[in-house]
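Listed below are the structures to be examined.
In the two complexes below, chain A is the common chain; its partner is chain B in one and chain C in the other.
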Partner chain A sequence: MAIELFVFYFLAFIAVGSAALLVAMRNIVRSLFLFFLTLFALAGLYVFALADFVALAQVIIYVGGVLVLMLFAFMLSNKTLLNDVKEGTFGLPRWPALLVVILLGTIMGYTFLQFASAPPQWIRDAEQENRIITTTDNTVHYLGVNTMTRYLLPFELVSVFLMMALMGAAHMARKGGKS
Partner chain B sequence: MIFIITYIAVGIGLFIFMAFFTLYAVYSERKIAGFVQDRLGPMETGKFGLLQTVADILKLVQKEFIMPSRADKVLFSVAPVLIFVSVYLGMVAMPWAPELSPSSLNIGLFYVISIISVEAVGVLMAGWGSNNKFALLGAMRSVAQIVSYEIPAGISLISVVMITQSLNLQEITAQQGVLTTSSAKFLGLWEVGDVGGFLAWNVFQAPHLLLAFVIYFLSSLAECNRAPFDIPEAESELVAGYHTEYTGLRFAFFFLAEYCMMFLVAMIAVVLFLGGWNSLLPNIGTLRLADWTTGMGWGIFWVLSKTLFLVSIQIVIRWTLPRLRVDQLMALCWKVLTPLAFACMVISGIWRLWVMI
Partner chain C sequence: MIPLDHFLIVSALLFAIGLYATLTKKNTIMVLVGVELMINASVLNLVAFGRYDKVLFGGQVFALFVIVLAAASVAVALGIVLQVYRHFKSVDPTDFDSLKD
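On to the complex of A and B.
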């Protein structure tokens, strides 16, 4: 048990520490690569929550896709624009960020205290009926069945939405001319 | 406590195996190149030149670390390790024999695909960290290629998963031989669950998986930046690529990663399409060849020999075919392989619903 706890705190420390450093850092490329570390540590934390599929989806989508895209966008954009970003001349004041952080922190702390003192009814029910996921369960199976039955409509809506985004991107990337 | 020591021992063992494999894959690469080009290849160092790559690595280890003065020091030194580790972590889920794999994950295949995609980040890191425009351009080319070819590779793997209904690599392998618990049908017609051998392999269980295998094999070549898709490091036409500035042991890490990647993608192909640790020989009547040749030692033998066979095909392809131009490369990926992979996926769905029932 001690090892699991150690690994958990290690991952949590890396996630929080790298995220804090990422925001504070002036060097944008380095902060993008630190983002990679944050995402990876978060994926590790998902594994601790027995959400192995989510963890891997995070790695393949965010690390393999979004992060690479962000790096590309950074490396292909011109230098004056980047300097603007560095100097923070976007004209955004900083206090809204602080406000959001404090509010979110309050909500999370409040929820944590609530859950710790009195866990909700559905959690207690599940515990009593022994409906608990164990480490060896095949979670992909449950996910697949649920996506194809209960959540079929949202799933299809999301896929249509993504298709629209793809077609739009392809249309915008096409060279103008024969119109 | 004992299981932690086992894990560490397995990790170290795999690393030693991969290092040894890399040494002799480089040797065989040079020998096969010699064969293709009608010359002898390395002959001087040791018997038949067997110690040539050992001598090479000794030379590499002794070389100086040269760090470009304006390079980003941290990114420059982390990148080769990151690239190697992402490939090496992929080995975790690979099955070697019945009941024998470093970790039998329920979502093994998904894990392998996702952890390999981390390599792209390492390549970009190397290109940017070098602070050299040729390295950066090389990294961009390489990543564009890796990311594009992940799509046909992934879709062709999905078409296998739709047939096998599992992401667990052990289960996928077990379904392709005499140890299957469900039915295995040759071309969907002839029940070969107790005949086994090559007849029960996935490529023969459904005919369109042969096409999926070819698609996967081609895109895996592109994913490890091998010829004919080696534009990222086309040494005869362009400045090398993302590893231009690297020397010594760091360069050796790139080499190690490339050869581990070759082994890993070949092993994925073997596990998903060519029966993994299942025997090549079928049961013929009372001659129970498949039963005799399935087991722990045999499993390792089969998976290793099939994988090395695929690796040697990769090497022969490298020295036989000319490389593609970059527009041809992308056209092949997006206009040929991706639609074909999607077609495979659709056929898999139909096959699963109407033929396998």
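On to the complex of A and C.
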């Protein structure tokens, strides 16, 4: 238990810390690689929430797809890559935005703590009737069965939507044409 | 088992950081990174609550859907960024000040 909690705090620290550093950095390439670190740590946190398939999907889709796409788009759209570096590692914080974000974070944190101290009825029911996912459950099996039965319609919709979006993206990023 | 509020606090922090990136960054790609951070915070919430749903698995299934939709939105958004860069020769969102001329 203690080790579990320690590893959880470690991963949470990496995720939040590299996200904060990502925001503070001025060099965009470094920020993107810190985003990589954040996504990996988040995948670890998903494993702690007993969602191992979601963690794998996160690693494959985000780290393998989205981040590479972002790096490519960055390289195709930036001339002043090396000029940024000489102005210092960290930019100055923008105080109004920082104020808004700190206020929102405090409100969200406070609400979440209140929420977790008095959980809603369905969570208490699940705890009493022992419907919580445990570490020995075969979650991938349940997930596959549920995707193919109860969630079949959203699954098909999402797959068609993904195809449409990728075709549209490929069409839009094309060079030349009528624009 | 990790208690629920730990996940919720981590996701609140990530959401706030993502909002800060979206509000302040001078590069559209970094704005997108902020949006992705916020989406990931919400996925963390979905997964954390999905642990209490052994029968329906709603949290995990919809976490997968959210990840797929985020990937689709990133692909489209980066296509738009490339086209806008060709038009304005800039990726700073404050420079995008006119519609099609």
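Please note the rule applied: the second predicted complex is superposed on the first by the 139 of 179 C-alpha atoms of A that agree within 3 Å, B and C clash if a C-alpha of one lies under 4 Å from a C-alpha of the other, contacts with A are read in each partner's own complex, and residues count from 1 in each chain.
Quick note on the criterion: a residue touches a chain if its C-beta (ideal position, glycine included) is under 8 Å from a C-beta of that chain, and two chains touch if they have at least 3 such contacts.
The structure presented is a predicted model; accordingly, all values stated were derived computationally and were not measured.
Engineer: Since both structures carry chain A, what do chain B and chain C do when superposed there: clash or fit?
Structural biologist: These partners fit in the superposed model.
Engineer: Could you say whether A:I3 touches chain B, chain C, both of them, or neither, answering first, second, both or neither?
Structural biologist: In the superposed model, A:I3 contacts chain B only, not chain C.
Engineer: Look at A:L153 in the shared chain and tell me whether it touches chain B only, chain C only, both, or neither; answer first, second, both or neither.
Structural biologist: A:L153 sits against neither chain B nor chain C.
Engineer: Looking at the overlay, what does A:V63 touch: chain B (first), chain C (second), both, or neither?
Structural biologist: A:V63 contacts chain B only, not chain C.
Engineer: For A:T139 in the superposed arrangement: first (chain B), second (chain C), both or neither?
Structural biologist: both
Engineer: Classify the contacts of A:R30 with the two partner chains as first (chain B alone), second (chain C alone), both, or neither.
Structural biologist: first
Engineer: Please work out whether A:A118 is in contact with chain B alone, chain C alone, both, or neither, and reply first, second, both or neither.
Structural biologist: After superposing on A, A:A118 lies clear of both chain B and chain C.
Engineer: Please name the chain, chain B or chain C, that touches the greater number of residues in chain A.
Structural biologist: C
Engineer: What's the minimum Cα gap, in whole angstrom, linking chain B and chain C in the superposed view?
Structural biologist: It comes out at 14 Å between the closest C-alpha atoms.
Engineer: State which residues of chain A lie in both footprints, the one left by chain B and the one left by chain C.
Structural biologist: Touching chain B in the first complex and chain C in the second, residues 53, 57, 65, 72, 137, 139 of chain A appear in both lists.
Engineer: In the complex, go through chain C and note every residue touching chain A.
Structural biologist: 1-10, 12-21, 23-25, 27, 29-30, 32-34, 36-37, 40, 43-44, 47-57, 59-61, 63-65, 67-76, 78-83, 85-87, 91
Engineer: Can you list the residues on chain B that touch chain A in the complex?
Structural biologist: 4, 72, 74-75, 105-107, 110-111, 113-115, 117-118, 120-121, 124-125, 128, 136, 140, 143, 147, 150, 167-168
Engineer: List the residues on chain A that touch chain B in their complex, please.
Structural biologist: 3, 29-30, 33, 36, 52-53, 56-57, 59-60, 63-65, 67-68, 71-72, 75, 136-140
Engineer: Which of the residues in chain A end up touching chain C in this complex?
Structural biologist: 4-5, 8, 12, 15-16, 19-20, 22-23, 28, 31-32, 35, 38-39, 42, 45-46, 48-51, 53-54, 57-58, 61-62, 65-66, 69-70, 72-74, 76-78, 94, 97-98, 100-102, 104-105, 108-109, 112-113, 115-117, 119, 122-123, 126-127, 131-133, 137, 139, 142-143, 146-147, 150-151, 154-155, 158, 161-162, 165-166, 168-170, 172-173, 179
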